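Two complexes, one shared chain (chain A), two partners (chain B, chain C).
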Partner chain A sequence: MRRVRYFIRVQQLREISLLLILAAVIYFFGREIEDYYTARMYNRIATQVALIAVIAVGQTLVVLTRNIDLSVGSIVGFTAFYLGDQLSKNPNIDLETAVAIAVGVGATMGLVNGLIVAYGRVPSIVVTLGTLAIYRGLLVEYSGSQSIQFRQLPDWIKTLPSEVLYENFGLDLRPLPAIAIGVMLVFQVVLLYTIFGRRLYAIGSSPEAAELAGIPSRRMIMLAFVISGALSGLGGFMYLARIGTITTDAARGLELQVVAAVVVGGVNIFGGSGTVFGAFIGVILISTIELSLIRMQINEFWKDALLGAFIMVAVLIDTFIMGWLRALWSRTELRRASSVQKVQSI
Partner chain B sequence: MNKLRFLILVTVILAVILPGVSAQDGDPIVAEPGQELNMVLLPKTLGNAVFDQAHEGAMEAHEELENPGELIFNAPTPDNAIPGQIEIIESAITQEVDAIMISANDYEQLLPSTQSAMEAGITVVTWDSPVAPEGEALFIAQVDFDETGQVMADMALSILGEEGGEFAILSATPDASNQNAWIEALQTVLEEDDTYEALELVDIVYGNDDPDDSYNEALGLIDSYPDLQLIMAPTTVGIAAAAKAMFDEGLCSEIAVSGLGLPAEMQEFTELGCAPQFALWSFTDLGYLTYYVTYLLATGAMEAEEGVTFEAGRMGTYTIEADPTREDALRVLMGPFSVYTEENIDEWAMDEEEMDEEEGEGDEEGEMEEEATEESDAG
Partner chain C sequence: MKLLERYPWLRRWETLLFVILCAAVFINISLSEHYFNIDNLANIFHLSIEKAFVVLVMALVIINGEIDLSVASVMGLSASVLAYEFEKGASLESAISYAMLAGLACGLANGFFVAYLNIPSLVVTLAGLIAYRGAARILLEDRSVGNFPEWFTSFALDDVYVSIPTLLFVLVGLILIGTLVYQFTNLRQAVEEGAAFRFRKPGPVGLVLITVLAAVLVYMLALSSGAFEATTYVFAVLYLISLGILQFTNFGRYIYVIGNNRAGAEYAGLRVKQVKMTIFVMSALMAAFAGLMYAARVGNIRANAAEGFELDIITIVLLGGVSIFGGTGTMVGVGLSLLVVLNLRNGMSLRNINDNTRASVIGALLILSVLIPNWAQTIQRFLPRTLSGDNLTLDLENKEARESTETA
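Coming up: the complex of A and B.
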């Protein structure tokens, strides 16, 4: 145990605590639901996690800088519709181009958010609440109250969600979850090891100090919003592939799910701490609870309340475990420090 | 009794009886084209394909009746549904329009505003979803709620066959009044008619008319009930999401999806066998009929009274009747259902496309979008 404590840093405790909770949740539902530990259930959760996870990664970057991006649901909806419309007009568009279009449109919308927040000095909650409505309005206008129909889409996107890239013991790795895992890994590395990533933490920890240290805060914040928009655009592509029929109502309310997952995943809403990996586990935790509740056949009127209660209990236990682990670790630190002192005194 | 007094008596009696007689048995009332009316078509929300089709139907009637006035199409966004409708009604009153055709988001809450519209002399007709009777002239009902249950039971039987099997319902929200009435009607049919004895309704779940939720609920159903053979979704959002879920899981040959769906959205799923049968009424026709009734009422050619018979252009003759589902209310029942299968889905989807093209010619504002649709349809 002591060895373990030397290898794991205090900052990583959050993820460990979340993983413990996730294991407990899965154990609980495994006892309540027959045939719970099946490849099928895993595949369900994996597909459900994929879309929210990709957007949650972008949201994490924004939240780290003490900002919030509430327009993600509308960006997902708009890009899904726009891309669907383009694909139905030009069926020759291939996968790469489609993703590029989606990411490009999303990034542009994120840029607008970022410019106003960073250079206009308007609180991000106000800006993105505004663009939440504006982007949705754009979608309604652009759509002319038509919908994108499944039959209009090219074949490759119709079958994309059900393709299997790799299979083991009936556990499929499908393209959408693969995208999500890829995005998560890339940004985990970016946050931990690049200058850009470390600067985001610095800005969120203390904006004044970051400013004094010469960090180009505005540009960094703008960039975080652009990335959030771009990943939401990618999410729009995934939404189109998964749902197939897109109306102007697409992905409405998604922002709340994303923000909830990010916060449950241990990203501090006041900026400066949290990781992409944590947010990813947050998404898995919420999706697991959500899909398991569907399996439990609970009265519809109680389902949302129960989901909320489960999340709250999870967060409470998480706080408890965190406190306990922190205490353990700080004792280790103390011992380490005192042994260093001893050495020095000798 | 002298002749004069006798004559007066006869005249009075005739005068009292005759209008009733003529309304009961006389020729149906026919609209006189070319009268100027400004009318508002107010569906539940923007961005729903079915309401756009209702708009197309209303525009068709608008042109047919050569109304030199305006047909205004306006609706709130989904997150502002009820207050949005109230606002639009209030502004229609200030603009002094002649008629409002509304698919109401709420049975009670819109009442004050539709009543003040009626006090201002505006003809208020509801369609698709009514308000309480005191706030409307009458209601254009798409289909009989009981018929919806019957049609769903018939489709389930024809998909599952004589030996029957397990099926589940994927509805909209738990408090959606339309869906609940239809499900209740379906349950009544299943209970009372021995023909459907082999059909076993195992569960009712709710996808909240959200594609993502509906998709997950559909998958939850097949995980919870290994012997499930059919998912019945009496909502256009639910049926499309459920069909996509079965398609993604490669389960179309094992589990069928049925219910109420839009031909254009369901065409491919029907051809692939994921949704072998589904039903819907034509929203285009509903819009057309609503416009005709409203035109007749607003021009004063017809009174909203029980038993009045009128002609609604290409759709033929209809009669105003007492609404059996609501007290002191009048309705015009459109009906019947169209059931779509692999055999006829093609022509229906084609019909809709043609309609799009026709509209493109008449409506300059819509031309850009119509072009987009034409292109996309060609592709």
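Coming up: the complex of A and C.
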């Protein structure tokens, strides 16, 4: 037991338990549904995960600083539409430019959020509730209530989601999930090992202390919003690639799904704790449950009720069992520390 | 600047909202001849009356430092329970009571998790938002249920021609004036201690403004008999009740205290958990009632009834000057912001501006409502000292001190 404690930190317990729950969920559905372990099911879940995960990573950065970004759904919708419009007007835009456009537009929108939150000292929930409506309004004004049709898009983006980068055991690695995994890994490293990442945790744990320690909180918070916006822009690109037909209602309500996934992934809504990896597993868990329930076809109308109940259960488990485990962990840590002290004093 | 110092109420958010409201009404009148028409004025309320109901309790929830994202789903659930029971052949009365019971259950669940298990309300009600909507989907699946009895829909649809509501509203107007007189004069002192009757601080400008406000209110209400639906009257009564609860009862004061400083309230021996539980139950019950009103008005219920209303509701409350962190905000501000939002929406829809653009104007207003006061503060800090507010108050104090020594 003690040796285990050396290798696993308290935060990692949460991710391990999430992985166990995920395994249990997959095992359960595998028993209930025939032909569950197929490449088709896997690809469907992977594509869904990819879209939400990219946005959830950005949301995690924002939530870590004790803020929330409710405007992500509207940013995804706007960038998807804007990019689709640009692509249908000049079809010779290539992949890199398209991604750059999407990320740039998203980052600009995130910058507006960030500036108002960090330098205007307006609570983030107020700002992003407002921009949720404003960006959606921009989309409607820009589109003139038209929609982007799948056939207007250039060929490369139509085939992009179904390309296979790497194949093994019948499981393909397709571009969209690859992007999501890449983004997740990059930001996991950023959060764990860079000054910026550690500062985000510091700000979320105690804004006053962070300020006193000389951390430029405002700039950091603004940057978190910019990244969230940029990743939502990337999500907009993926949304366009996956769905193809973009209406003015595109990605409406996505923000609540993302926040739910982040919360299930063990990111504290009051900031300061949680990891990108956890949020990623949260997304996988929620998407798996959602798509498997649809696949189960016992009654597709049960999906939302079960999902809501599941989120509640996950949070309850997190609050109680994790609280208890953490207390246990820290108590033994304390005991070890005090015994070390005794040895030193002798 | 001096005016602001002289009359502190001029600096209140409610005053600014009132000015915005006047501007909105004025612009609406000048832009469309259909605006100032009894039927349109009644329509302003009629089309969003359910949101208005929920706004009242949402204000209490947010002042208490919590948030309830699940209200729209509870509205949808209660409407769906009503439709489901009615479709099964139950009488409408029992269907209504089942719908309210469903609301009660949602409220108890939310309150239990938030108050007794200490899980953040944002998380609990986000799960509730998904789960209660899911429950509505289980009940109604993809059917649409309508054909409610006449008496039920007429409650929300028919204009009330009886003159009793008019009398009621004149009475309410008088009560309002009475309250204002009570607030701004030393009437109580005069009666209890026999002191000379005089007006308090607000001075002539304030009184004129209040009289104009009251006159407009009474005039509009008197004019309205026969144009408003019963639900609008119900709303007006509920508004006054919630104003009374928040401003004049112990419970209302507890809501503020807990929102301001939860730990402090606990140390002071307040039953924080019970208060939070009560508020969440109130919120869900009101949402369930609003869901029934929605069913009565629309007359046709699907499982996605009232979807997405929560953002509108929260926007109205926050625009009313209620802090998202709890502890501040008044019912007067919330009422004014409701009027501002409804009037702006109505004016824009008369100009054929589409729904999403209307929403984004309200969103911009929401952000500016917090941003502008913050800017004003910052600018004040950078102004030369003689102009800044701190100095002025100091001067005033000195002046008063000087005067008191002179008279002595």
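One rule holds for everything that comes next: the second predicted complex is superposed on the first by the 311 of 346 C-alpha atoms of A that agree within 3 Å, B and C clash if a C-alpha of one lies under 4 Å from a C-alpha of the other, contacts with A are read in each partner's own complex, and residues count from 1 in each chain.
Keep in mind that, in the parts below, a residue touches a chain if its C-beta (ideal position, glycine included) is under 8 Å from a C-beta of that chain, and two chains touch if they have at least 3 such contacts.
Source: prediction; values computed, not measured.
Of the two partner chains placed around the shared chain by superposition, chain B is the only one that A:245 touches, whereas chain C remains out of contact. With both structures placed on the common chain, the touch criterion links A:301 to chain B and to chain C.
Of the two partner chains, chain C is the only one that A:270 touches; chain B does not reach it. When the shared chain is aligned, chain B and chain C each come close enough to touch A:140. In the superposed model, A:327 lies in contact with neither chain B nor chain C. Applying the stated contact rule after C-alpha superposition, one finds that A:164 touches neither chain B nor chain C. Residues common to the contacts of chain A with chain B and with chain C across the two structures: 136-137, 139-140, 145, 248, 252-253, 301. By the touch rule above, chain A contacts chain C in their complex via residues 68, 116, 120-123, 125-127, 129-141, 145, 248, 252-253, 256, 259-260, 263, 269-270, 299, 301-309, 311-312, 315-316, 319.
Residue ranges of chain A in contact with chain B, taken from their complex: 35, 40-41, 44, 48, 85, 88-91, 136-137, 139-140, 143-147, 149-152, 158, 161-162, 242-245, 247-253, 290-291, 294-295, 297, 300-301.
Within the complex, the chain C residues that touch chain A are 69, 113, 117-120, 122-124, 126-135, 137-138, 141-142, 303, 308, 311, 314-315, 318, 324-325, 354, 356-364, 366-367, 370-371, 374-375.
On the chain B side of its complex with chain A, the touching residues are 46-49, 51-52, 77-79, 174, 203, 205-206, 210-212, 215-217, 219-220, 223-224, 237, 240-241, 244, 247-250, 264-265, 267-269, 349, 366, 368-369, 372-373, 375-377, 379.
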